[in-house]
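Presented sequentially are two complexes of subunit A, the first with subunit B as partner and the second with subunit C.
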Partner chain A sequence: MAEASTTSLADSFAIQWRVIRALFLRELITRFGRDNLGVLWLVGEPMLFTLGVTTLWSLAGLAHKGSGIPIVAFAVTGYSSVLMWRNSASQCTHAIEGNRPLLFHRSVQAIDVCLARIALEVTGATGSFIFLSSFFTYLGWMQPPDNIALVIEGWLMLAWFGASLALLIGAACVFSDLVHRLWQPVSYILFPMSGAAFMVDWMPKKMQGLVLYLPMVHGVELLRHGYFGTVVKTHYDLGYMAGFCLVLTLCAVYLVRVAGHRIEF
Partner chain B sequence: MLSLEHVSKSYDTRHGRRQILKDISFTLARGRNIGILGRNGAGKSTLIRLISGAERPTSGRIRRGMRVSWPLAFAGTFAQHLTGLDNLKFVCRVYNVNYKTVLPFVEDFTELGPQLREPVMHYSHGMSARLAFALSMAIEFDCFLIDEAMVVGDARFHARCNDELFKKRKDRAFILVTHNAAQIREHCENAVVLCEGELLQFPTVAAAYDFYTSMPVAAPQIGAR
Partner chain C sequence: MITAWLRGHLLFTFAVLVPTVCSVLYFSLIASDVYVSESHFIVSSSENAMPSGGIAEMLMGASLSHGQSDSSQVHDYILSRDALKELSERLKIEQIFAHREANFFDRFPGLTGGRSFEELFLYYTKHVSVEPDPMSSISVLSVRAFTPEDARRINAELLDMSERLVNTLNERSRRDLIQFADNEVKIASDKAKDAAVALLSYRSNQTVYEPNKEAAIQLEGVSKLHQQLITTEAEIAEIRKLSPDNPQIAGLEGSADLLRKTINAETGKVTSSSGSFSARAPTFERLQLDVEFADKQLGMALAELESARAEAQKKQIYLERLTQPSVQDKAMEPRRIRSIITAFIVSLLFWGIATILVATVREHGE
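And now, the complex of A and B:
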């Protein structure tokens, strides 16, 4: 299996950066085209989803009575977090198979096509989150974040979790179509449990222990701790989430490598 | 220098493991060339994919001491919804080339005119092939991989390809795989024959040519890749 490598590590990074950038731009045009809003849909699409969910939750009055959390901010922080892990993974289910011909270019590797799609999703979700929270803050429907550093920390943790999950799902899809079929219902079921639509503190003690097994719950709690400050009581363990993400990343990177070698033309 | 050391390739099929290439070794120095003759299903395209790095050998080692192209005129990497120009930009970004420097050549060679800015899905086979070939020529390689089965087009296109490749770039190395013995005799200084996954070496092109043309026609192979 050995391939003689005469490329230095720095060169390898330069090549990979170039390849991911090229794939990112290609993917951007392929998905959103140049008609009407064009690439602005990268941010517009997740924004519409978030807006829709925010409207629904506001009408349903989902926020806990007397919790002191404004519903708009609750929905925007919650649904934006879901976008981070769910869309990255969903977009990666066909990433390797769909871009198989591109692997004909030696420097384009299976991991690059996944990372390009993940970068696209993270960019879109981040843009949507920043735009909506700024806009609602301007309207006075949302307060500015209490501690922006914690918000960024929570956001980055969610991005890390989303990226490692997406890599794992993307690679696993090469081995079996079943993964793609199962991912849709699994992500659907995970959504209500992901901490987007509740605060851990609202749950009975027993349930809290259970939902806190899910790594993204820690990320959302951290994000909301940063956003709302001490108005809410949050439960999260950054060490647990980081450990989970680290193991997931290692498994994912290994699996993508094996998957890349398995690809046949 | 490009070298293959004991390269083998097998695929898992529904009928068990099938070995396509068996213990292939050869080297190619800068500026030299080699023709690989083989009938359909002999493993020519598999060998080209391994040399290009698109696929990895099951065992053995491939060393690329020079810049090796992707299989020439391979149009399969085009995104159909993107324009020809977008596809050009993508390839240029991957290979670190400023597309503006190669655009005049691509426009001239493809003769696509305004069509270059139309989605590739509206192109004919010939137009795609011209664009694919022009892209391969736009990137600087030391060694070109030519899979004859992939090159389509009319006589004029063939003549222009030959001109670009064998005249303007005659200082480069290339590997030409084909089932057409006459082509190897015309362009190559060395020739080998790929037969049932094994590479047979010959002292001269003429010897390879004679052997290949007198080979009994094998029964058609099922599942040729």
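And now, the complex of A and C:
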């Protein structure tokens, strides 16, 4: 392996860990500042998004269909999952370019910048999901989850997908500005198809087959299976989602590495 | 030399070689043959199978949901604890799943070693599946076991049990539908019988059949007597005019008197207050109305029962076997080669990610 390395793998990892942590805090301060709520906006921002969407969907009476799912729970589980992958990816579009000066430091790599931003988004989305679901459960608008282990499993899968997608998008943006331009419309088109606003079971069989090509649909279905239990019929294939994420991750880490080197030299 | 290479490529060894070798070992030596028995059935109700054409047919086609809910009843039952309980009473399913030749991982008590009913149920749901096809409403029941015959037996037994379930459901819905109408018929027929009996006993007690008609006959008789009386009186008057001393007069007057008396008596029978036809008429009328009313009610109740029967017939659901449980002569599962290749590819992916990540981590320390 790399002959030039003077430090052990564990030490290198410790350095990387410190770098990512520092970048995380730096991002936190630069994005949310210290004014009014300050870093609480990390959770507050996605929460407001989710609240808005929940209100809209409640008014529009989505998710009726006699499915027995209360609309608030449906919106919270659905929209939080979208935030996971969409915000991570959107935040990463400028991560490498925007932090170009930092990358000239020996110990700051392109992947660190992206990972810090992803960690920020995942933390925010997770915090908002936990806060909103416990708050609504307290109000009695939502039931507590049926099977927490499955909810966590679905959430982690979504986080994995979000992270690998974000890395890929972030790295691809270095090669072409087009990716950044295209990502916005693509993410908007993906949102209604992502399973946040529907259950796969509501679809006609043909549509189900198409929709299940999208990996995030599996994650949302798993999340809802965990949350609502057998009240809803869910369709998901963890193997498919894991395989998709695995390939995506490989492409992402490779591309980020290439992108990082391209920026530095 | 090989060990030196392996040591030099630790990551590759652990991420790719070890898992692949493990999967090759597992799938070639350990994994037990699993035989799948499949059967196809369809749950339909005669309501859906109604012969119709044109728009009606299109509409019926659109409302497949009924048949779907019927088949989901069966699916739910097959994957229920009740079904497993019944199955284990009939087939000793625990022994089938704990087959001796099956390897430790695939066999029933398995790694956890628990033999509780819940664990058996968990195992059962992993080896029995019912897949509905919403387009054709055909259901596919597949059972996995360690011998082809076991799989077939479980499958056949499950089909039998499902048929029994469908029959029970039919019986119950038929009973529910018909019971009410049946009760109505019973009540109505009791009423009709009571009314008829009351009328009959009134007739025999009062020695009368139909007071109105009888009164009419009576009055007809009276009017004839009246006519006779008038004729007699006219005769008397005529004879008196011609020969007042005619001895015939006394006889004629006698018969006229008799006629008058008879007329009075006969009219009394029709109109007098006690025991006459007119006194009996109201009671009789009422009884007769009762009989008519009860008859009509009975007719209606019978019609309702008939329509309830027809309705029940329509709601009847059937489980039709399209194919009998199949018997595989070669174990198609586990898919050994495919699984090994999958394991190899997945571990390659892991290795790729890990290599890049490790290289990235190392760059931090340079």
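Simple rule for what comes next: the second predicted complex is superposed on the first by the 259 of 265 C-alpha atoms of A that agree within 3 Å, B and C clash if a C-alpha of one lies under 4 Å from a C-alpha of the other, contacts with A are read in each partner's own complex, and residues count from 1 in each chain.
Keep this in mind: a residue touches a chain if its C-beta (ideal position, glycine included) is under 8 Å from a C-beta of that chain, and two chains touch if they have at least 3 such contacts.
Note that the structure is predicted; figures quoted are calculated from it, not measured.
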Give one of first, second, both or neither to describe whether A:60 is in contact with subunit B, with subunit C, with both, or with none. neither
For A:247, decide between first (touching subunit B), second (touching subunit C), both and neither. second
So, A:149: does it touch subunit B (first), subunit C (second), both, or neither? neither
Once the shared chain is lined up, is A:107 touching subunit B (first), subunit C (second), both, or neither of them? both
Mind working out whether A:139 is in touch with subunit B, subunit C, both or neither, as first, second, both or neither? neither
What is the contact status of A:25 with respect to subunit B (first) and subunit C (second): first, second, both, or neither? first
Both subunit B and subunit C touch subunit A at residues 1-2, 4, 6, 19, 106-107
Which residues, counting only subunit A, touch subunit B once they are in their complex? 1-4, 6, 18-19, 21-23, 25-26, 29-30, 33, 101-108, 261, 263-265
Report the residues of subunit A in contact with subunit C in the complex, numbered from low to high. 1-2, 4-9, 11-13, 15-16, 19, 106-107, 109, 111, 205, 243, 246-247, 249-250, 253-254, 256-257
Okay, in this complex, where on subunit C does subunit A touch? 134-135, 346, 349-350, 352-353, 356-366
Mind pulling up the subunit B residues that touch subunit A in the complex? 11, 49, 52-57, 59, 61-65, 68, 70-71, 74, 76-77, 79, 81-82, 86, 89-91, 93-96
